[in-house]
Structure formats: C-alpha cells, structure tokens
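What follows is a set of structures for review.
Below are two complexes that have chain A in common, paired first with chain B and then with chain C.
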Partner chain A sequence: MSASSITVVKVRDVLLVAMPSDPDDSVITALQEQAMRSMDQHEAKALILDISAVETLDSFFARTISETAQMVSLMGGRTIIAGMRPAVAVTATQLGLPLKRVETALTVERALDMVSLGKRQGSAR
Partner chain B sequence: MNATIEKEVVIKTESDIVVARRAVREGASALGFGLTDTTRIVTAASELARNIIKYAVEGTMVLHPLEDGTRTGIELTFVDHGPGIPDIAKAMKEGFSTSGGFGMGLPGAKRLMDEMDAQSAVGQGTTVTVRKWRRQ
Partner chain C sequence: MTVRAKPRRPSGSAQHNPGPKGDDLLQVLVENVRDYAIVLLDPDGKVLSWSPAAQRLKGWATDEIIGQSFARFYPEEDIQRGKPQNELKAAGQDGRFEDEGWRVRKDGTRFWANVVITALRDNNGKLRAFGKVTRDLSERKEAEDKIKKQAQEILEMATIPVVQVWEGIVLVPLIGTLDSARTQQLMERLLQHVTDSGSPVAVIDITGVPAIDTQTAQHLIETVSAVRLLGAEVVLTGVRPVIAQTLVHLGVDLSSVATRSSLAAGLRTAMEMLSLAIVPKADKP
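Let's look at the complex of A and B:
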C-alpha cells in the first residue's frame, strides 16, 4: 500500500477521502498532508473521512485523525468520520481512542447531509 | 494440529506492522475467533508491534495457537532487544508513557486481550506476551 493510494475528492465545498482497509503509517501520514493541502487549495468547509473499509483503527491512526481534525478546525473547517464498522467501534471504545473534535456519521451520505444542513451531531468527545 | 497457524514476523519497519496485523488476522480467523474479537486481537498486535518500532527499532512477533483441553486461544509474543523498560508494572498502567504519546500501547493492548505478561530488563530488551481465549 503506497502513499499515493490516498485520493482526495472534492464534492462542492466538501473534501472526501476514502481510507483503504489496512493503511500503513506512511499512508496515514500522507492523508494528513494531502487533506491540509486540499483544504487550502479548495477553500473547503469540511473533510469527510470514509472509514467504512477500515478493519483496524489503532492509536496511531486515531491520533492522526484527531490531529488532522484539530488542524482543519483551526482553518475553519470540520472533520467527520463516516462508516465506522461495529467491530472497530467496539475496539476503539475499549482502547479509549482519542477522537476529539471529530464528528461522526453512520454513512458518507449522512455526513454530507450534516454539512449541507450545517448541523453538528455525533461528535466524539 | 494447528502447526500451520504458528507464525513468526520480523518487525523492523512501519510496513512490518501491517504484515504483523495481517498474520494475526489470518491466524485469529483460522482459530475461529469472531469478527469483534479478531479486531480486538489485531488492534492489540498493532499497538505492540508499533511499540517495538518506537522504542526498540526491531524485534519479532510470534503467533502461537493455544489448546488447553476445553478452550482454544491465541498467544502473541513480542520480543525485542532494545533499551528495555525500567518499571514495567508502571508502564502497564493507565496514562503512563515514556514517549509522550497517549500511553496506550501496553495498557490498551491489555484491555483488548484476556491476559498479558511483560518482562523487561534495562539494556537487554522487552518481552510482552498476550493471550485471548475464544468464547465458547
């Protein structure tokens, strides 16, 4: 899995990133860099991370998502993670993963609704 | 019987963490663990493999199937010859981290597994063994 496998797609004023199922650290780090660059380039108002394929969310991955969300927030945007698998949610809770400032949605579609309606919900704190 | 499940993974680079995770996922599934337990075991393995990269540069993970007559389980042993941890008992407690991270490596892995043993000697290295038993 190479770092170039991360693609940031812009849909209206939202950035959408689909995470691969088992990304290594370099892919996760590349995600942060590309997301920040795209936020700046496209003047986006939200970043949606589709994690529906992700099978393992460990503390490094969670910390990077959390950091990215803080950076996006400083740039005036919001970050929504969408599609967390049930087994991953159970594990994340037991592990006590730090997902501050990160909003959540069941699906990408709902995340897009949250952005277009300007609603805030499902914030993981 | 479970000889094919036995596996050793060398952990030297960040991409070896992914190799270790895949080996554990395959092993746990082959031993009949359900999806949630498999995810717990793989995540614990990811934390412990990353500890090796972070603190010891390199080491190994050995995957071992367990049978005790009535139960089936999985055992993962992480061995490194890095700097060691001076107070291993403290390192296994909540909120303790020497790297200034979230201090989740050892205590997090412990919460996801059923059993954890850790031995460490300064200047010699660290061995962490975790086990999980399949629910009947």
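Let's look at the complex of A and C:
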C-alpha cells in the first residue's frame, strides 16, 4: 500500500480519516504525516479517525494514534476515534495499549456531535 | 430353593432356616414384588428363572428367556465391550456388584436401570448361581436429566443478561461471584451489545455481587476501559457500603468510573449523560 491510500477529508472544521481494515506500518506513518499537514493547513478543531473497519490494532498503531493525538492537542485540536470493534477493544484493554489523549465515540456521527456540542465524552483512560 | 445368599457362614447356624412357612412367604414376596425384577442366573450367566416383575420389565416370555444368556438384557455396545461378563466376574470375586446404566427390553427399547448382582454360594463356598436384582429408574433418570438441563440453561441465560433499559442505555445486572471466565463473558457480551444497539451509556449494577476482591475490581476496570474504547460511558451502580469499604481498603482506584450507590441514582446519571430527564407530567391535577 502506498501513502496515498490515506485520505484526509476536511468537513467544515473537522478532519475525517477512514482507516483501512488492515493498515500496515507505512499507512499508519502516512496517517500521522497527512493528519499533521491538514491540521496545519485548515486549523481544524478535531481529527476523527473512523476505525470501524479495523480488525487488528497493534501496539505500533495504538502508539501512533496516541502520539498523533498529543500533537493534534498541542495544535489546539482534539482527536476522536470512532467505531472501534468489540474484539479490538477487548484486545486493546488486555494488552493495555496506550491510547492517551484520545477520545472515543461509537460512530462517526456521534463524534461529529461531540465536536459540534463541544462535549467531552468517552475518553479512553 | 436350595441356594442362599452370603456364603462362608459357619455351618450349623440355624438362622438361615426359618422353616417351610418362612420359605413359602419369601417365595410369595419374590413373585409379588413389583418394583424389583429378580433374576436367577447360573454361574455362566444363563437365566435359570425369574420373577413376574422381571418379565414385565424386560418383556420376554419366561420360556423364551430360560437358558438364554443374561447378556441379552444389555445394549449392543456393552456386549461388545464385554460388560456383562465383567460384571459377573466382579460379582463372583467380591460377592456383589452394583451398576447403574442402560439396559434393553425385548422390543429393543432402553431403560435406565440400577442393577445389583449377588454371588450365591453353597455352604462349601462353591459358586452355585447369581441373583440379579434390577430396578427401573428411567423416570428418575429422566427427571434428573431434565433438572440438569434446566439448571444449565438457567446458568447460561442468567450468567450475564444485557438489558436495553432505555434508548441509548444498556443495563447489566451482575448476580453472584465474578470470576475471570464470567468477566470475560461480561466484557464480550456488553461490548457487542453496546456496538449493536449504538448505546452511549452502559450501566453495570453490582448489587447482586456478594463480595469483591482486587482481581474482580481489576476485571471491572478492564471492562470499563474496553467500553470506553468503543466510545460509550460506564456507570457502576449498586456499590453497597461493604463493597465501598473493601474497595478503599484494597486501594482499588475507581475514581475514573462514575459510581452510584443505587441503580435508580445510576439511571439518573445515565440519563443526564444523554441530556435526558424524567419530569413529572405537567397536567397532573
């Protein structure tokens, strides 16, 4: 997969990224780069990662999301991951994967609601 | 009858010979007892005679079965494993053998039987015959199986119920001790339900949990973390004083979880999280 397989969509003041089902390391690295570039360009309020297709969440992916969230936070935005699958949540909890500064939402729609209402909910530990 | 149960008694003991009258009554008993099928086998396991109850239970006519091997009372697979002969051997060695298992009737139907085989020896200790007493326990067995099945069903059903109490709110009332297996099940079912129903709030009620230890608390915290990863919130309710004391003494930190003492308070908190409120009807007189 090439880096271009990640598309960051800007909807009003929100950046939206849909993750593929089995992202490899290069995709994950590209995610961070593109997300940061878009944050800089658009001064977005939030970055929403749709991970409803993702079947496995490894420590590299988790760490990158966490790092990206910290960077986004430094740039004045918030990061919300939406639609995590139950099996992924179980594994993530049992492995104790680091997901600092990341907020969670059941669906992308709810993530958008959270941004528009300015509400904080479901922060992952 | 010339044979008696339990050999190796000092000869000359009179207690075994209650007189003709007693013997007659014993014969009447054997013929009339309905609940036990009594069969007399020769040392090789061939049927010498049997009681009317045995005929009723097993279905063969008396002259059909006399001289036949008692293996005919056993299911095919038992015969192949040599079970009938092994039972006779065991009875011959120990004087007595008891078994509970399937036996067959003449028409091939099965019944669950309790069987006691007793070796009958004469005064010199020579094996003369075997007495076989069979009781049909099919009804008891059926009832037992039914109870077992129901208990299993109740256990499976009641282990972790996940209830949708309101739009957007799921409730898990936990009853009984929480071990690792149950917590794992709780986590999986709760996460699945939260995802399927798209409920942003999960209420876990621990009123029915008798005691809590470090491990259980850890399991609960894990469940809460997993639910949060999905994007939902957790309210822990039913924290009784004794549980609260234990948690504090164990040094378990549940400060990251919204906890309430009663389920009612928990539901109110859950509603608040969804910006809902229950208000009295305005038009009430």
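Things to note:
Note that the second predicted complex is superposed on the first by the 125 of 125 C-alpha atoms of A that agree within 3 Å, B and C clash if a C-alpha of one lies under 4 Å from a C-alpha of the other, contacts with A are read in each partner's own complex, and residues count from 1 in each chain.
The definition used in the following text is that contacts are C-beta pairs under 8 Å (C-beta built on N, C-alpha and C of every residue); 3 or more make two chains touch, one makes a residue touch a chain.
Just so you know, these numbers come straight off a predicted model, no measurement behind them.
Because the two structures share chain A, they can be overlaid on it, and in that overlay chain B and chain C fit beside each other without clashing. Angle at the C-alpha centre of chain A formed with the centres of chain B and chain C, after superposition on chain A: 50°, rounded to the nearest 10. In the superposition on chain A, A:95 contacts chain B only, with no contact to chain C.
Of the two partner chains placed around the shared chain by superposition, chain C is the only one that A:84 touches, whereas chain B remains out of contact. When the two complexes are overlaid on their common chain A, residue A:14 makes contact with neither chain B nor chain C. In the superposition on chain A, A:22 makes contact with chain B only, not with chain C. Judged by the touch definition given at the top, the superposed model places A:105 against chain C, while chain B stays out of reach. Shared-chain residue A:115: touches no atom of chain B or chain C. The gap separating chain B from chain C in the superposed three-chain model is 8 Å, by closest C-alpha atoms.
Overlap of the chain B and chain C interfaces on chain A comprises residues 85-86, 88, 90, 94. Taken together, the chain B residues at the contact with chain A in this complex read 14-15, 17-18, 21-22, 25, 35-36, 38-40, 42-43, 46-47, 50, 101-102, 104-105, 108, 111-112. Across the complex, chain C is touched by residues 80-86, 88-90, 92-94, 99, 104-107, 110-111, 121-125 of chain A. The residues of chain C lying in touch with chain A in their complex are 187-188, 191-192, 194-195, 198-200, 222-223, 225-233, 256, 273.
Those residues of chain A that touch chain B in the shared complex are 1, 22-26, 55-60, 63, 85-88, 90-91, 94-98.
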